[in-house]
Amino acid sequence: MAAVEPGPLAPGAALRMDFAGAEATVAIGVSRLGHHSVWVGSVGDDAVGTMVLDRLRAERVDVSGCRIDPELPSGLMVRERRTADHIRATYYRRGLAGSRLSVAQVDTEQIAAAGVLHLTGITPALSACARDAVHAALDAAVEAGVPVSLDINYRSALWSRADAAAELAKLVSHCDIVFAGLDEAALLVPSASASAMAESLAALGPSQVVLKLGGDGALALHRGRVIRQQAIPVTMVDPVGAGDAFVAGYLAGVLDGTSVRHNLRLAATCGAFAVSVPGDWAGLPSRRELDLLNGTDIQR
Amino acid sequence: MAAVEPGPLAPGAALRMDFAGAEATVAIGVSRLGHHSVWVGSVGDDAVGTMVLDRLRAERVDVSGCRIDPELPSGLMVRERRTADHIRATYYRRGLAGSRLSVAQVDTEQIAAAGVLHLTGITPALSACARDAVHAALDAAVEAGVPVSLDINYRSALWSRADAAAELAKLVSHCDIVFAGLDEAALLVPSASASAMAESLAALGPSQVVLKLGGDGALALHRGRVIRQQAIPVTMVDPVGAGDAFVAGYLAGVLDGTSVRHNLRLAATCGAFAVSVPGDWAGLPSRRELDLLNGTDIQR
Amino acid sequence: MAAVEPGPLAPGAALRMDFAGAEATVAIGVSRLGHHSVWVGSVGDDAVGTMVLDRLRAERVDVSGCRIDPELPSGLMVRERRTADHIRATYYRRGLAGSRLSVAQVDTEQIAAAGVLHLTGITPALSACARDAVHAALDAAVEAGVPVSLDINYRSALWSRADAAAELAKLVSHCDIVFAGLDEAALLVPSASASAMAESLAALGPSQVVLKLGGDGALALHRGRVIRQQAIPVTMVDPVGAGDAFVAGYLAGVLDGTSVRHNLRLAATCGAFAVSVPGDWAGLPSRRELDLLNGTDIQR
Amino acid sequence: MAAVEPGPLAPGAALRMDFAGAEATVAIGVSRLGHHSVWVGSVGDDAVGTMVLDRLRAERVDVSGCRIDPELPSGLMVRERRTADHIRATYYRRGLAGSRLSVAQVDTEQIAAAGVLHLTGITPALSACARDAVHAALDAAVEAGVPVSLDINYRSALWSRADAAAELAKLVSHCDIVFAGLDEAALLVPSASASAMAESLAALGPSQVVLKLGGDGALALHRGRVIRQQAIPVTMVDPVGAGDAFVAGYLAGVLDGTSVRHNLRLAATCGAFAVSVPGDWAGLPSRRELDLLNGTDIQR
Amino acid sequence: MAAVEPGPLAPGAALRMDFAGAEATVAIGVSRLGHHSVWVGSVGDDAVGTMVLDRLRAERVDVSGCRIDPELPSGLMVRERRTADHIRATYYRRGLAGSRLSVAQVDTEQIAAAGVLHLTGITPALSACARDAVHAALDAAVEAGVPVSLDINYRSALWSRADAAAELAKLVSHCDIVFAGLDEAALLVPSASASAMAESLAALGPSQVVLKLGGDGALALHRGRVIRQQAIPVTMVDPVGAGDAFVAGYLAGVLDGTSVRHNLRLAATCGAFAVSVPGDWAGLPSRRELDLLNGTDIQR
Amino acid sequence: MAAVEPGPLAPGAALRMDFAGAEATVAIGVSRLGHHSVWVGSVGDDAVGTMVLDRLRAERVDVSGCRIDPELPSGLMVRERRTADHIRATYYRRGLAGSRLSVAQVDTEQIAAAGVLHLTGITPALSACARDAVHAALDAAVEAGVPVSLDINYRSALWSRADAAAELAKLVSHCDIVFAGLDEAALLVPSASASAMAESLAALGPSQVVLKLGGDGALALHRGRVIRQQAIPVTMVDPVGAGDAFVAGYLAGVLDGTSVRHNLRLAATCGAFAVSVPGDWAGLPSRRELDLLNGTDIQR
């Protein structure tokens, strides 16, 4: 639930209902680019939960493995736009439906048939059972030889940097692709230049390390080579979700089987679409819309 | 956070930020009618908590005894207007700041100096510490000879009818004024006609029993006499908060020292104001606005 | 400037800009029904004044005789919807452009060529120069044998009942058609039944007296006969402007040359259109739209 | 695209994008009640077409048989709310994508596997190829022994009463269930009492005739017996779509295998949900929400 | 009908009703700058058509020569703001009222009395009869010695570049002033530098060629001299309509009889006003508002 | 009452109710930064007046010394956003409640106990009695040795530059801190460089002169030293109120007892908060929010 206008929340203020979540944004982004995607989560048996599943279904994301918790309400976030440039979020997640994600929801066969398993650093921070589910999924993918992608997605409201570092280090060592911002990378490796940090992360195991640098674009390290991508200039109307949109584009490229350079370009394009439309995922492009930001102009 | 338009919640739906709460509505209503009122509660150290305290202060409600919890977010409610006639609420209260109300916040001197102590059946359902606080406040009032008012305000999402009945029976026996709807009264006494139920409730201790009958108005039992009040006809735009507005009017009458008949009339007038304006308390009248619904017309 | 939602005005409340005025509503209503109409007024040289003249022009109302005051701002009204049923207006008129209407704007030739001269009881209350303008217009019409219509339109914020009665009595004695609500009629004649009051008013001079009775419809007295008209049932969304819309319909009938019974029917139809659309005049019908409320159904 | 507020359309007026259509409303209603439903139509390769298909997919309606026309834009409707009680629609359908529905889209196997084939009187009015498609579907259902339902849905903007009567008579003779309003029934049989008209319609072939009587409820004729159903009282906020929601409920009952009386009750309940929420289909109930209007109260 | 917020169109999305059109924007712009202007077009006998004519009348544009088509609906455009920077329009024009503009509407006397006849490349693309009307108007102006202005206004949705080039070449050869963007100029002359293209266009006949260069301003070629004008820096909120506003300013300058340099300045000022206000024409300036963007500051 | 969207005011345009005023913005800003503040003014006994006092109370500003005028309406301002960059205000102040501020409201003891008395150049321009009140307050502060601050705040709609200069010169000579823009400083001293003008102003008496330079930041002259402060870069959504927010920050620094350099920094931070939120004062920071714009990032 996000405030429509900048300013401290006040009685009568207009809010906009939307659903958001790093994993859902990735799933929608990959689906809009034409790949089959599956989202596994847990929602309450309430209006919010119904809305989340309906909308994912509209986006052709497979939600058949989701849990509908009979007792707990769906998780929430309240976003205040304290100023035009600063968003302040209050999370309602602890002890709510989303934290009940469990090993029982991990479908080994489905994972074995996937092109990529994507995990985030949010899920293991929600609860012990959610953490177990992450590990079970990871194991299933490793077992089946399915590449695993991880976005660090550190959330300070959910756990300390120390707790996060300990848990994420375990996950990273089994992953093929790791996404992180510089601050997030610093959870696991010493602060240094972006390329040095990418190298340190790669030393932990992943074959591809992708660092998201905000306005400075992104950088990937693959087979010892550093590839850089500039941010694509657009009018920014809502920065939230840019990183997840970026991941969606990159993973769609991975599923396409294209080069790292091409994947970065696709990732940056998805990020640009996301920030030039309100909401986390609403602006994500279909494949044929990609040209809008790739030089082919449209009539205004 | 209440949906603006009827219909299932959908992505992009407009919501309206507001704060609500049975006790706050009563405090604001009494204050607008010219009496000093104090609200004791617990909020989070966040945008929602700040908004609640600011707004109560604007209404001249004394909030100096409120707790600002350093860790837990403020409680929330999401109101879906499933149809034009049906509101469906999801509560976020368990484990949030509001449930941390505690005995430490009970100011014995302040209670001793009060005209009335008003309690609701919501607070003891929030947590053990909140329940203790209710009893401490009740004891302080009884000790000081301050009349105690209780609105049953049964919330099925918070506790079972059996648990509620056990706890509320204890409170009722020490109260002077009890407010209830017919369904709520049936927690404590056998279902029967409204006047018979009022008599059964009075037998538990209170000197005044006031039953809220919705569109059928209200009924008070005082010194063995039943006094009835019709609902005041207005265009209803938001039924939520009507009962609390009614209580505010009644208690303002008690503080005025007027008759039960007069108090019922004031209560019904406040209820009518509340339902003809969106929001729980926004429509509550100042004393001089009372005439708007008492026959003295205004230019339209 | 009218509040969009019921409730006391609060910071951030949504207002809707519109222009309103008894005379403008009549002019627009007559114009939409296909007659030429002229509005003579005075506005400020500001955004509000420009908006008023543009919109009247859009409605084909001739505004070539209006004054644009080089110094004073346009008059304003702030409408709070205190409850769903009660509107509370604050007027900004005294010492503003509208009060500078003057004799210099009275175009004797234009009046002589008119089918009806319509005056209201608002204009003479604005200022001495506006009052003089009203008398000059009245004299010109009487001189030229043009029928004069007067709507009492008593505004308590502008003058006392005594002052209004003194002035309006002078005007009524020279008018052919007088419109009034029962409260307004009581300024000039003793309170009694509607038909008795109509007779008393007719005794002051006018050949047609039309009493607006709100939900009870209307009543006309003409040549000693009383003709009654029921209100036409519609969903009421904004009662303001109903009386002026009624007058517009009646006067359009007068210009059509139809019977009093027919004029009353047209008047009631215009009133019904006006109240079932927000704004004072926005809902007024064109001639071919009249059938919407006259039994010929449309596809919904 | 429907005007948000009553009144003639004006520059700057707020509209609300939605998609509507008799057949889509029926498909969504049946799906929400737990049955598999398929919608076969034709949309443009544009924003409107994408929105329609996404939303139907969200509702679990199978749209895999829809055409996306590469050349023509999607059909449109502009709804002006001329007054609070009167909606005025302008249709953009002729020569647009919707009229390109064709025989090639009729999937004989899918129809043979269906519980009911539902047709409307709108489709054959769109174009010759759409009409052919209707007949091909009808033939396939008859061939496979699948019951056929037809809602007359007469649209005067699309064809004359004479043309409609000629075409619809052909369809009705092959149908099992026919839905009509009284005006629509009068296209095919002489005007008379509702039950007499139902009998005349039944004489044309259908084993069930259901007449929609608006505020007077509905009436079904089955095996020579007339069964009546009252309208369920709710606050009406948007009457459009009520008839289609009614059909959805009735057909869900047919698929449930319940009695005509029960089907009528379900139909009326769906109609009541639809009109108490803005939009044609947004308010349609899931099965467990049915109790909201069936006496089991919810907390407000 | 334009989406209010960026993002793919979704059910429930807010749209804003407005009317737009290259010729109407020019007519309004010229009128606001104090010249008499006439708009000749064709609209449907519906809410949209009524709105268009009312609003033009409000702007003092003479619409007495417009056709109101008794059968076809008014043309429409749906504008999706796919991102903050990209607008995607779907046109509803073919087979609608606007395409019925005909020779019968060409008023030779009115044209002979005009200061300028302004044509666009849109009209001849609508239908054969509209094309005939354009030629008839052009002939009348040439006959009477009235200067003819043409804005290429190429619309790819209406015709191919080849068809447009063939038709526009005929028109250009008879015009005095031609407006084009660089892409539009390339329909008729080889791509080259802006000044070279202007010279090639001038070689086709026009005495003044004005190229609109977007953010790079504009360039006019007159009597062999190239005059350049920078764009005036403002906050851009809606780029649509800028080119037409520019033309309005230029033509107002032509009617003023001022120099080409002055006309370009006035044109750029009108373009700047247009883009800093939502809507195509709403922001166009009156003559005395011009100073707002010409250095004379106003209090903010 | 401020237009929500850019463009000339039109019927139906959305406005936003808010209250504004240089002195109120300063009082709220100082209060949010943790100091006690008192606002002395005069409002009407109407919805606007009630809203102003309620909201100031919510902000913990002491309004106990305000007058509620029994006869005159509250002052108003209508703000048209003519373009995205230009706001055009029409003031309704003359002859309204605000101009009745009087000597009787000057509480000598309260002033003697204050940390700073802040005056503006608006109040003495409202009426003779308001001017007398300003002088009485000034005298009381001087008498008690309380520092006096003055913001020139020249309003051309209220008085001429000559009248303002004469009056303000008197005030400046008794003040300790003077705030002015360059244009405002030029009322009292010859135009020159900012630092030279500051010196000229200091020569008139004040020990601190602070010049507000808009996008160029600010400059203070104190004990012969010039200290400069850059503007803090933020996304500007509403420039109005920036200067008053700046003053609030500076005076809070004065009350904190910090250095001029620190006060300027606090002032610039407050200005930055104010412009990145709609409304004059809504965005003003609490003390702990200051870090948002001071380099410590928050999660977006």
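Read from first to last, the chains carry the letters A, B, C, D, E and F; within each, the first residue is number 1.
The rule is simple: a contact is a pair of C-beta atoms (placed from the backbone, for glycine too) under 8 Å apart; a residue touches a chain by one contact, two chains touch by 3 or more.
Listed by chain with UniProt protein names: A, B, C, D, E, F = PfkB domain-containing protein.
Because the structure is a prediction, the values reported are computed rather than measured.
Same-residue interface: subunit A and subunit D share over half of the residue numbers found at their contact. The chain with its Cα centroid farthest from the Cα centroid of subunit A is C.
The chain with its CA mean position farthest from that of subunit D is F. In this assembly, the C-alpha centroid of subunit A lies 46 Å from the C-alpha centroid of subunit F. Centroids of subunit C and subunit E (each the mean of its C-alpha atoms) stand 41 Å apart. Counting partner chains per residue, subunit A shows two or more touched chains at residues 8, 10-13, 55, 82, 88, 279, 282. The touch graph of these protein chains is complete, with an edge between every pair of chains. Listing the residues of subunit A that touch subunit C in their complex gives 10-13. Interface residues of subunit C facing subunit D in the complex, by the touch rule stated above, are 234-237, 273, 276-279, 282-283, 289, 292-293, 298-300.
Against subunit E, in their complex, subunit F makes its touches with residues 5-8, 10, 82-89, 155-156, 239-240. Contacts from subunit A toward subunit D in the complex involve residues 54-55, 57-60. Interface of subunit B with subunit A (complex): residues 1, 3, 8-19, 44, 46-48, 50-51, 55, 73-74, 76, 78, 80, 82, 88, 90-92, 94-96, 279, 282.
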